[in-house]
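Each of the next two complexes has subunit A plus one other chain: subunit B in the first, subunit C in the second.
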Partner chain A sequence: MSTTGKILTGIWTAGAIVAAFLWLPPAQGFRSPEAARIVVFHVPCAILTFVAFLVNAAYSWLYLRSRHPLTDAKANAAAELGMLFAVLATVTGSLFAMEQWGSAWNWDPRETSIVMLMLVYAAYFVLRGAVEEKSKRARLSAAYALLAFPAMVFLIWILPRIVESLHPTNTLFSRSGLDASYRITLWSFFAGLLAVFVWMFRLRLQVELAEARLRQQYHRDAIAEATLAGEIQ
Partner chain B sequence: MNPLVTYMITPLLIWAGIFGYLFWLDMRLRALEKRLEEEARR
Partner chain C sequence: MNRSSSWVHEALAVFAKDWLLELRTRVALGAVVLFAVTSVVASGFALAPPSGVPAEVKAALLWVVVFFAAVAGLSRVFVMEEETRTADSLRLAVSPVGVFVGKLAFNTVLMWGLCVVTVPLYLLLLEVPVRSASLFLTVVMLGSTALACATTAVGAIVAKATTRGALFGVLSFPVALPPLLVAIHGTKAAWLSEGAWRVATGDLQVLLGFILVIVPASLLVFEHIWSE
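Up next is the complex of A and B:
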């Protein structure tokens, strides 16, 4: 991402945060109308968790078709970001629950499902860490990611809707849900976070490429040393 | 906890998470680039 893009992202998200504090009115119908502003920060993190795991599944599928190492690196980067946003959604959600429902953790279906989701993707990282051979690791983790994807859709979209939950549903798009000013601020913050997501994703890939270059360099050095040792003998 | 404090902590936590990850990535990238430079000089 260019420096201008980074500065604009910073200004945009800072603007959304300021709007949440100064422009939004206290929300009606909440136990703590002031603390309801947390929704503006919590919900975009939860949506980005879904987006990141969706990107992970898409690149995993592409990897199995192309077998290109960069595609595997992209799938891994997306999973890492998904985990980061899942943790942020959980922590911010707990703060909101503490104010709204009187306890930071209530074993609500959505709370339970995000814990299960984090365990599913923690296993993805364990799998990646357990296999040393690169192409085998990429193949196995891509297959696992494709199996994890339907579980993720079930845990995020289906389970909380079929079981009674403290979380409301259909509040983001319908007019009967959140107040318009809340929806504007929430989606503005989401847009800013999405730009940060792209920035982090690209930076993660740069790290991956630098690691690959270094491995290549070591490999070349090892071959040169072995050739030299052979010539001396 | 005071609701005002709670909702002011929330964006700070998000930024702490994001910048923590960005900082870690940046440090790792710098360290790798330095090692690549050293390897190229050898």
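Up next is the complex of A and C:
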């Protein structure tokens, strides 16, 4: 990402945050109208969690077809970011639930599904930790991510239709759902956060590449040293 | 022999071979059934009337017992191949589809066996009133099949990992959770509701749908897990 892009992302996201606190009117109809503005941060985090999950599944699928190590690194980076945004979405949601319903946790289907998503990620990281060999690790974790995918689809799209939910459905895209000022701020923040997501994703890959380069350098040095030692003898 | 029938034959051969080996040692069977019986007896001891524990709790507990008993034994079919170093010759002899379907059938039958032992014992010890026996049987059948379908490919992954330990439980849980939740819901309906079949129609559909989705998904990725 270019420097201009980074600066623009910073200004844009900061603007959305300021707008959420200063420009948005308090939302009437909630127990504490001031607290309701958290929705502007909560919903983008939740959406990004699922975006990250999709990106992870897509790269896992691509990895199994191409067997390219960088594709595996991308799948892993997406999972790590997904975990981060899942935590953010859960914390912001719990804060609001505490204000609105007096309890931080209600086993609402969406709460259940995000906990399960975090469990999937946690299991994914445990699996990656449990396999030493790199290509095998990549292969097995990609297979696991693709196995967990249909299970998550069931939890996210089918379970909420069976059990009652505290979360509103269909407010994001319908005209009557959200006040226009809320809709604008929410999607602006989402755009900013998406840019941050892409930025972090690339940073993570750079770290991965730097590690690989270091390891290569290390091996090269070790080989050079060994050859040198052999020549001296 | 054409291709479609060849994998059926292969799967049947794998299934027969695995049961033959299992009946010689009874490792998976012993682990699964003993775990289940122990936990059913323990919960019966604590929760039998007049403890006043509601049937909702008992429905959840039944599936918790079944799930963890399954975790104790279902990875065995693949771990065994790695431990006895027979995986390579199996790879040479049989196509991946044949292996997967055979192992899946083995695990499914193992789950049914587990339920045949556990469920009557559970009903007896915990004195649960079952309103609709036919629905309950259907839920148990579909639920245990769905659990076997969800965890068989995970077992194959675990067998390849260097440290196996508790990995199977950790990895199975997220994948097995949807059928588990729905089976608990359906069991509650079969035990408590008037017109239980109507209440549980959605649950049965979800269980069936889950099986129909997770088996092809497992087949798709299994080739990559199984072949080195």
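Everything that follows uses one rule, which is that the second predicted complex is superposed on the first by the 224 of 233 C-alpha atoms of A that agree within 3 Å, B and C clash if a C-alpha of one lies under 4 Å from a C-alpha of the other, contacts with A are read in each partner's own complex, and residues count from 1 in each chain.
Here, contacts are C-beta pairs under 8 Å (C-beta built on N, C-alpha and C of every residue); 3 or more make two chains touch, one makes a residue touch a chain.
Since this is a predicted model, take the numbers as computed values, not measurements.
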item	value
Partner chain in contact with A:Leu24 - subunit B first, subunit C second, else both or neither	neither
Which of subunit B and subunit C A:Ala79 touches, first, second, both or neither	neither
Touched partner set for A:Ala148, first subunit B, second subunit C, both or neither	second
Which superposed partner A:Val207 touches (first subunit B, second subunit C, both, neither)	first
Touched partner set for A:Lys136, first subunit B, second subunit C, both or neither	second
Partner chain(s) touched by A:Leu119 [first = subunit B, second = subunit C, both, neither]	second
Residues on subunit A lying within both footprints (that of subunit B and that of subunit C)	none
Residues of subunit B touching subunit A in the complex	1, 3-4, 6-11, 13-14, 17-18, 21-22, 25-26, 28-29, 32-33, 35-36, 39-40
Residue ranges of subunit C in contact with subunit A within the complex	150, 153-154, 157, 160-164, 167, 170-171, 173-178, 181-182, 185, 202-203, 206, 209-210, 213-214, 217-218, 220-222, 224-225
Residues of subunit A touching subunit B in the complex	17, 20-21, 32, 34-35, 37-38, 41-42, 45, 84, 87-88, 91-92, 95-96, 98-99, 196, 199-200, 203-204, 206-207, 210-211, 213-214, 217-218, 221
Contacting residues of subunit A [partner subunit C, same complex]	64, 116, 119-120, 122-123, 126-127, 130-133, 136, 139-140, 142-144, 146-155, 158-159, 162
